[in-house]
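Here it is: the structure, laid out below.
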Amino acid sequence: MKLTKLFKSAAIGLSASMLAVSVQAADVIKIGAVAPKTGALGGGAVVTQWPNVELWSKQVNAAGGLDVGGKKMMVEIIEYDDKTNPGEHIKAAQRLAEVDKVDFIVAPYGTGFNLAAAPIYAKYNYPHIAVSAISDKMPELTARYSNLFFTLGNTTSFSESVVDILKDMRAAGTIGNRVAMVNVADAFGIELAEAARPRLKEAGFDIVYDKSYPLGTPDLSPIIKGAKESNPDAFVAWSYPPDTFALTEQAIIQDLDVKMYYTAVATCFPAFVGKFGSKINGVFGAGGVNQDSPDIQAYFKAHKDITGKDADGWASANTYVSLQILGQAIEGAGTLDRQAVIDYIKASSFDTIMGPISFEDQISNRFWTVGQWQDGKFRGVKSSQMAGAAPIVAKDGWN
Amino acid sequence: MVETSLVLAVQNVTKRFGGLVAVNNLSFDVSRNEVMGIIGPNGSGKTTMMNLISGALALNEGTISLNGRYISRLSSHEINRRGIARTFQLVRILPSLTLLENAMAGMVFGHQRLWGEQARHEASKLLERVGLGGQQSVPATALTYIDQKRLELARALAAKPEVLLLDEWLAGLNPTELQEGIDLIHSLRDEGITIILVEHVMDAIRSLCDRCLVMAAGAKIAEGRPQEVLSDPEVIKVYLGEDI
Amino acid sequence: MTSGDVKQLVWGAILLALAACVPLVANGYWMSIALTIAMFTVLSTSWALFSGPTHYISLATAAFFGVGGFLVGTGMSDYNTDYWTMVVIASLAGTVLAFLVGLATLRLSGVYFVIFTLGLAEMIRTLVSWIQNNFTGSRGLYVLTDLGEADIYIHLVLVAALVYLAGWWIARSRLGFAMRIIGNDEMVARHVGINTAFSKVILFTFSGFVASLVGALIAPRYTYIEPNGVFSPELSFIVVIMALLGGTGRLWGPIVGVIPFALLQEYINANYSNYSTLVLGIAFLVIVYFLPHGVLGRLEETWAKRRRSTW
Amino acid sequence: MDIIITGLLLGGTYALIAFGLNLQYGVARIMNLANGEMIVLGALAAFWIFVADAISPILTMLIVAPLSFFGNWLIYRFLLRPLVRRAKNQGQLEVDSILATFGMAFALVGIMVSIHGEYYTYSYLAEPFEILGETFALNRIVAFCFAVLIGAALWLWLYFTRTGMAVRAVSVSTEASGLVGINVPQLSAIAFALGGAVTTMGGTLISTFITLDASVGVVFTMKALIIIIMGGVGDIRGAIVAALILGLVETAVARLIDPGLTLAAAYAIFVLILLFRPQGLFGRKPS
């Protein structure tokens, strides 16, 4: 008796919840996100990628959802940890498409992952707005995958901008011709160092120290010592997050006194200034934002209020922008039809916290390339077509 | 005549472990069809000598030759393939294999190379011979210590060796088993196998050995027929202590 | 060949044929799981061909796998070589490397062997990074082919067929018998005339060849090859663990570890996405404590029981 | 000179990584693949407490050590002891402990990610310190001093106390030690717990100059394994010598040849040593 009752109520509950799901499904836009929470890139994705997914979805839902052809639809995020493993990522992407049947996806984190997953997302024709990917193969890839968009820029412009800064500083008489350059022996560091080498030489700089170090080197003091002995005017490191911290710590300790000091990824992280405080005033790093823009300031505030964390000074905003683009494209197309949304992205200009963004052959040419820590803020100083670049200052010791 | 019957020649062999000289400039010959005993107190280098012959250890100086060809630089599997098989002082069976497989192990890769049905057939005959018939598919771990020794002998014989090295193979047998063991070794000799044995059981040495080599502290102190050697005062002194 | 041997071959062929039919029914998601399973089945089974009988735990899989993937990437990106040419070159290079590594490890045993292979794999990984950085001058390694997951899967099933056939043959050959003797007692093995070095190197080389072939075949799935990704030491550990989980006593042992483990991992990732690592760890501990002899051991126990109860 | 000091400092770091695992593997016979995660746990504690209350990592280390000892003791008692008991031989135990500690490593990573998924980085004693006119990082020097202290304390304990002698006996032969009346299970538990405590202390110290994150543990596990194997299992002197060799080689290669080859050179040295001494520098020859 009791048992049948239990069964009955369970059955009613089950069908009710199934009903709820199907009702909900009609009103909800499902968006899948696969990025690392653990593994080699976990530490970076947790700063740059995940908080923005959270921030954007909460903001959209707080505003009542996205307007899809006159109907307000809430967004629901389905997230998976790819453990910084390409195989895992591909599997999770397939699961999003086949099992969860998500309507859209958030692009993966990291160059390799965006490229590894591109064929999968292309197969299901998801608009794939790759943020954290820097490559010179972008034109070839966008030709191959018509759903793929790039926003963060390419290797060439990143290395060119650094060379431009060196040229500017040399012209101003702050530095001479001696440049020490190091790179992490990983695809990212190798590509950038290779792109920079001929440009530096062409611009008449002497590369007085040019070495790589393996990923995961525990002690980078020999690098800084070696660089210091070469008596450079400028120091450029195509580095990854843990080495960016370690190189800078050693540079401070060894007092590597250069007027131009550049480290690449993670220089813009809140943890970077959190660790070094005012000592890193004048340090250059990859990326940047326009700190004076009211939109950016509002974004930073919302980021802190909603996720409880500080945004970084570069890729965070870009990641958020890519989600803004996706949201606006869905609203603009007025449908969840992916091809329509892709076509809309290709054809339209988007009003984002970084200003208007549009795509030319699926590649956006508006992005920051170099930023600099100036009085506690990471300001964009070099860019491709961005407004509001701050003037560069020479580094004046490690105080 | 004497020349052709020489099977194994050990010449001026020395083996050192760090500062310890385990075998010191030792020489002896073994003729075809002979049973040669190596005796001596514990730690006198008997087992080391066996290991040098079988290639388990590399010697420092000297040479060992089999049928006139040097084997002292060869590795143990090559020595085995030339026709020297052995048993170990502390029994080494192959625990996860069956009895039949244990016996077969000796004939697949060594001096005699059989495989397949023929090998199985020969191996089961050998098991029969050492007294382990009818237990072919029993796992080797199920055997008693004594039966494990029989099994090890079967494995050594499986190679159809020219020279068989027995390292205290008779130790620990009860009188009945001992007699069986001695008979077995006799019959092996009758088949033309040359045998070198390290042994403490004096009865066995007396009844089995044609010749004996007495070692003390790595060196040879006597060599000859068992009766002569065992009555040598020097040998008695070594065995029973200085005082007598 | 006994009738039992033939029966095994027929069964194996039927199962592999069934496995080859998976792309006909699976959707993309199940296809990618099947691909993962196929990849680890081949890697773990070929690993166990060497490590199962000898009990030598090799952590060098990633080195060979990495050489396969990396050479395919380099050849296609930097030298515009055709994919299949590179697959052949890469697996040959992996084989030669495995042969050299096999020779180098001969004197080692136990945990020294385990860690030696780990250190060697790491050395190769950092050397490759350095060479790429300084000489090949690559700007990102792309493996752009028209091969879909189903194609790659079929390739892997073919390699699996090769591995199982090799395993089946080895188990019936002198070589397999020699390996079992070596696993029992290497000293005895030498004294019954087995060239232990030769036997070990042969099998080690074969498993290295398979790993590099798999690395080359799976490369199109990743599109973009990073040395630190394909040489990941984690892969070596996972291969060992899946094989041990299944059981290395039989040729089909690893696969009964790979399939449930891959599915379990998938289930955890799908349902506990925020805590997947934690839940996976706990699941692991539960497996170790409740399946003491691996899946294979449990299966054989159950069969033994059933047989006893029916008789 | 500069190279030697830098190399020694790095070697000290490596010694900190390897001491604990050496005790755990050498005595308790547990090939602990979660060793690196213990290091990261120590680093996480230091980072967390430093960022929250600006408490010195040195102090944190003293708080963490007994906690870690207790925690590792529990792990051994309740998770590993059953494995030791059911293992029929050393090989079986090795396989089981690899599987079990691999699971533990996963679980620990999962826990740490949920506590703090970002990089653990902060500045503590990141100041220049001059020795013979060359500049070194003070935090590395402090860590080196502690490595020396911990190493010396372990050595004194192992060679001059009754328990220490018993521990060494167990490391030579578990069976024989049991026969002469040594309480092997209890000593193994102590060695494992102490090893864990030392490892965590190492992690706390290392966090002052290396940026870690929750998933980085496996890198340290591999380094530690290589060091103890290079030194010879269970030998504390071996671990120290191996750690210093690695530190010196890496630094010398970085300064004199190419920083890109540091790790390759370190592994090459390891490989060469094992080729010529298959039992490690101080290991006993297998009989």
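For clarity, chains are labelled A, B, C and D in written order, and residue numbers in each chain start from 1.
Here is the rule we use: a residue touches a chain if its C-beta (ideal position, glycine included) is under 8 Å from a C-beta of that chain, and two chains touch if they have at least 3 such contacts.
The shown structure was predicted, so the numbers you read here are calculated from the model rather than taken from an experiment.
Peer 1: By mean C-alpha position, what chain is farthest away from chain B?
Peer 2: Farthest chain from chain B, going by C-alpha centroids: A.
Peer 1: Pick the chain whose C-alpha centre of mass, unweighted, sits closest to the average of all protein C-alpha coordinates shown.
Peer 2: If one averages C-alpha positions chain by chain, the most central is C.
Peer 1: Can you compute the centre-to-centre distance for chain A and chain B, using the mean CA position of each chain? Integer Å is fine.
Peer 2: About 74 Å, centre to centre.
Peer 1: Give, as an integer number of Å, the spacing between the C-alpha centres of chain C and chain B.
Peer 2: That gives a centre separation of 43 Å.
Peer 1: Roughly how many whole angstrom separate the Cα centroids of chain B and chain D?
Peer 2: The separation of the two C-alpha centroids amounts to 48 Å.
Peer 1: Rounded to the nearest whole Å, what is the centre-to-centre distance of chain A and chain C, using the mean of the C-alpha atoms as each centre?
Peer 2: Distance between chain centres, rounded to whole Å: 35 Å.
Peer 1: For chain D, give me the residues that contact two or more of the other chains.
Peer 2: 109-110, 113, 258, 260, 263-264
Peer 1: Please set out, as single numbers or ranges, the residues of chain C touching at least two other chains.
Peer 2: Answer for chain C, listing residues that touch two or more other chains: 126, 129-130, 133-134, 234, 274, 276-277.
Peer 1: Report the complete set of touching chain pairs.
Peer 2: Touching chain pairs, listed by label, are A-C, A-D, B-C, C-D.
Peer 1: Which of the residues in chain A end up touching chain C in this complex?
Peer 2: My answer: residues 37-38, 40, 79-81, 83, 85-88, 90-92, 94-95, 97-99, 111-112, 115-116, 118-120, 123-124, 135-137, 144, 155, 183, 185-187, 190-191, 193-195, 212, 214-215.
Peer 1: In their shared complex, at which residues does chain C touch chain B?
Peer 2: 174, 177-178, 180-181, 183-185, 187-196
Peer 1: Quick check on the complex: what are the chain A residues that touch chain D?
Peer 2: 37-40, 42-43, 46-47, 84, 182, 185, 211-214, 216-219, 221-223, 225-226, 241-242, 245-246, 249-250, 252-255, 266, 269, 271, 274-277
Peer 1: Spell out the residues on chain C that touch chain A in their complex, using ranges where they run on.
Peer 2: 27-33, 36, 39, 126, 129-130, 132-134, 137-142, 144, 221-224, 226-229, 232, 234, 266, 269-270, 273-274, 276-277
Peer 1: Any idea which chain B residues touch chain C in the complex?
Peer 2: 54-56, 75-78, 80-81, 85-86, 88, 92, 94-97, 101, 104-106, 108-111, 115, 155, 158-159
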